[in-house]
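Next come two complexes, and both contain chain A; in the first it sits with chain B, in the second with chain C.
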Partner chain A sequence: MSGGTATVENPVEKKLREEAKRLLADKKVDVIVGYEAGTLPLTATPCFITAPEEADKLVWNPCCTQNLAKFVHDLLSQHHEAQKRVKPEAKRKKTVGVVARGCTTRSLIIHLQEKQYGRDEVVILGVPCGGYVDNRKLAALAGGEEIREGAIDGSEVVVKTAKGNRKAPLGELLADCCLTCRFNEPVLADVETGKGTPVAAADKEYEPVGAFENLPAEERWAYFEREMAKCIRCTACRNVCPSCYCRICFADQSQPRWVDIGENASDTQLFQLMRMYHMVGRCVDCGSCTAVCPMGVDLRKFLKKLDKDARDLFGHRAGVSLEEPAPLGTYKETDKEEFIFNPGGGGH
Partner chain B sequence: MTEGQSAKEWEPKIVAIVCNWCTYAGADLAGISRIQYPPNVRIVRVPCTGRINPFYILKALQEGADGVLVSGCHPGECHYLTGNLAARRKFAALKSFLSYIGVEGDRTLFTWVSASEGDRFAQVVRGVTEAVRKLGPAKKLVKKLPVAQPA
Partner chain C sequence: MEKRLIKKESLAGVIAELAGKMRVCAPMQAEDQVLFRVLEPSERPLVDFANTKNAPKNFLFPRTETLLKYTRTPKGMVAAGGAEEGMKTLFFGCRPCDARSFKLLDMLFDQEKYQDPYYIDKRAKTTVVAMACVHPPYTTCFCTSVGGNPTDSEGADVLLTDLGDQYLAEFITPKGEELLAAFGGTPAGVEAEKAKEGIAAQASSEIASTVPAREAKPVLDVRFEDPFWSTLHQKCLACGTCTYLCPTCHCFDISDEVKRNDGIRIRNWDSCMFPLFTKETSGHNPRPSQKERWRQRVMHKFRYYVDNFNAIACVGCGRCVMACPVNMDIRKIVADIVKL
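And then the complex of A and B:
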């Protein structure tokens, strides 16, 4: 076996390849962003397909991790930028096809909502999703050994290492965000490839946040401090996040220099606080940031709070409606304001 | 608080970011009317609370403010009509997030003071100063630079 994942072509994959072939042959899209088998066992990497005959490379399995909406934004914003320097008669439209699970479609909706590109510039190949394998949980299964071969057989994951075979139910290896996900099907799709199975624990979504909220403030601060101390500010979490698409990020700005370069703990805390704060009602809990973080920072503990607040304070859920703007991009006269400081009462 | 200063001498240092049209005018009125209020606030005037990047608040905390007060026009009275309504959402989310990570709620306070409320401005500043005094010097998010050792 040459890396990747030993799985037989599943019906979704089959349909996906057919549809991708058709879209490319009919010139409905210029490129399709999807997943192909990775070079290591039990991995899949993003790939870009431009010819119908390449479509058979596409895979769809629980090793497909990253939220591909990021690439759609990258490709289209670069294209828009390049078109600015082209004579009007030579201007060209680019259409990007994308393999999208529930969270990816939510990110696409956020992009569309924020007018990053037009609906006609993207073709969404929706795929049903039952969750993806968390790379850390997988490494734990392998006991830190190198995974030489791996296979997902139905609902069981088997890895082969120098110290023998190990297996675990797929459910135990899924990423945390997948365990309570309610978006097992695309929210928006042009092409459908199958039906998803709902995960039962969707109602437990905010339990970890609730538990954290109940801790004493000093413990919460200590946890925040400890997690942030792990961060080496590689900015991988930002680079992978589909909602982090500013051309110049505050973290890279030098005028003003919002966060100093260097190792100061407070600068790292501010970098993280601010990046996360930009996610109010814009984080789709795809887990891409936690998956790429080389230091295993528990970003989700904080991001999920912002998600909960977007719901509690503004009644908003990220990326489910093309009409509803991100909560901090709008307001209501009736917004809650219990937090307003009012010494002596009255005032108004 | 600089090193070596005793807790007794400590006075809260509060950054007040206020809008030009209401709260700044309110502060002016407090001055003109000779209403006394604690000298602990350093006022930063901005056109509108809607113009405040939440990062300003975090930066103030990072660079040594013991508390940050943000004040603008009452909802419905914004000079730019809705700047304060947009700001209200940003601050609600920021305040909630800060307290989630364990930063004391009273380090960041938000309120509305109109141009005619000189007395309210003084009352707010008294309230904020007292609240921050109770908390003591800020320790969280504060940037500590390596102290040069005397040769």
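And then the complex of A and C:
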């Protein structure tokens, strides 16, 4: 059951472990959320470390997929909730350390802007990021065979299957969101662990969405219907999303029940539409929802469109500054409103 | 028991022909994955595959099934129909782990205290043609740790074993023997049986994962309040992929869906991973967080099912291990429990 990745020299990982150990030993944090090697080849999985000696299991490599800000919110909101039942003199502060790449720090900024916890409750261990491996692209490399062993050596990925070895450049296996990412460095960090290499194609960020926008409405709707038909409503997308933190999601409410639980296509569409509309100006394009979807639903296409709208209409980019107000959280007299009065005309 | 030798090239055609006569569910390629689904008449199933991403349980215990229909009239509610009657069905290509899952589901849905008419009807009309794992398809397979075997026929009506140049078909039950004419082939001799014995021994030895599943029970019996449960669930996303893909998970929720005057009562898969699981009408939930839900998942499979039916509610297919987005690995979880 050994997993993990044989990497060449990894100075960021080394520094990360040292800093994590120091923070825990100095009692600067109660827990550190990071990644450890998974039990399957070429996987890493979220882990929670509370003792300095556990810091050596932290890894940082292109198999580290999910945005960990979600867990920071989980831990702190649970703590706040528990503290409500504690006498004032016994109240205790909890500090969470988190291993954070660019997109993760953007999610943390959104949390801070939305007053979910205080800046002093989170310690950000920033890591430089060159993108993460898309598990479907990896499966395609293995030709649908089980990956029995795998390694990333520098810029090459090698997988071993029952039918032989296959290899590909790392760049070809990165998630789509990573290919046009402009946030290879953390936006906000308390501890730095190294510098990354910028990905060149950030100017192409909205190209696929631009092409999609220009399709006739019927084709766009047909695409939406087809993608949503794959959804089994496991809600992994919602649950992994750092911006989806409602205490009770409308989809889980039973009195009234907004969304029925049977296999009705319109219920699934409604769930996804409602979730996505809550993402305007709040999606950092970390790709976690797409990465965890067991059915391969193309959620990113629609989220990227909303992201583009926030950019085009309000000049907003989610989670890049603690000061800039979020478009859904503010009102300006100059706000564009053609899309309300003339929804067909503006292309939005 | 009748044993036949079937030519390799004729198998897919035999199944395709049956697909014109009854409902046949079989492994089929769907984009980049293999799914267990209903064949169109004369569609040829995959015969060379690892295992299907989804478990076959959907065709005995559907994700959504109508139990009854009703109409609202000025005189009150009037019954407008019951559940759809099951149809004669053939499951082709179930791996032995999945075939065994039907035995485990039978224990619950078809028992002394409770008879589930919806399941029993479909089960009675289903014939299972299983395909032995000559080489266990995944390194995550652990059927031998939970009472199964890669070449076992438990739960199957017919078992096919790839002998290299042809299939050995063992017609185990009377239901299976009804397929003799359709399968044809020639009677198998002692040599084929010998060959199968060799394959069986080799296949078992190739199972790469071992899980101390039986040793977990006495630990679980006394560790309900262990601190282990407080941290186990932390990274779980509560998505339910594990329970949806699991061949033996069977929790369900019943709900009424009404449009204008027409209502249906539907039974849906539930998942112990979901926040609504076991939520009571009052709003109270005895399992309020992922901690209690994960404990339930493990306890149900490795303790309660053993208490109730003397069987572990896991067939070791490894689907949950492979599909979990955060690598919650039941093999490791059980191994960790034994060390408590």
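Heads up, the rule we're going with is that the second predicted complex is superposed on the first by the 335 of 348 C-alpha atoms of A that agree within 3 Å, B and C clash if a C-alpha of one lies under 4 Å from a C-alpha of the other, contacts with A are read in each partner's own complex, and residues count from 1 in each chain.
Simple rule for what comes next: contacts are C-beta pairs under 8 Å (C-beta built on N, C-alpha and C of every residue); 3 or more make two chains touch, one makes a residue touch a chain.
This one's a predicted model, so the numbers in the text were calculated from it and none came from an experiment.
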Checklist line | Partner chain(s) touched by A:I232 [first = chain B, second = chain C, both, neither] | finding: second
Check: In the superposed arrangement, does A:R220 touch chain B (first), chain C (second), both or neither?
Finding: first
Next item on the list: Considering only the touch criterion stated at the top, classify A:R148 as touching first (chain B), second (chain C), both, or neither.
Entry: second
Next item on the list: Pick one for A:L40: touches chain B only (first), chain C only (second), both, or neither.
Entry: second
Check: Where does A:C246 make contact in the superposed view: on chain B (first), on chain C (second), on both, or on neither?
Finding: neither
Next item on the list: Examine A:A291 and indicate which partner it touches, taking first as chain B and second as chain C; both and neither are also allowed.
Entry: second
Margin query: Contacts for A:F339 in the overlay, against chain B (first) and chain C (second): which applies, first, second, both or neither?
Written below: first
Note to self: A:A201 in the overlay: touching chain B, chain C, both, or neither? Say first, second, both or neither.
What the structure shows: neither
Item checked: Overlap of chain C and chain B interfaces on chain A (superposed complexes) -> 264
Notebook entry, point to check: What does chain C use to touch chain A in their complex?
Noted result: 31-34, 50, 63-64, 135, 137-140, 209, 231, 234-235, 237-241, 244-245, 253, 255, 257, 266, 268, 271, 274-276, 279, 321-323, 325-327, 329, 331-332
Check: For chain A, which residues count as touching chain B in their complex?
Finding: 212-213, 217-224, 250, 258, 264, 266-267, 269-270, 273-274, 276-277, 280, 302, 305-306, 309-310, 313-314, 327-328, 330-333, 335-337, 339-344, 347-348
Checklist line | chain C contact footprint on chain A (complex, rising order) | finding: 1, 38-40, 43, 45-48, 66, 71, 136, 139-140, 144-146, 148, 162, 232, 234-236, 239-240, 248, 252, 254, 260-264, 291-292, 294, 296
Notebook entry, point to check: Tell me, which parts of chain B touch chain A in their complex?
Noted result: 54-55, 58-59, 62, 69, 74-76, 82, 85-86, 88-97, 99-104, 109-112, 117, 120, 123-124, 126-128, 140-145
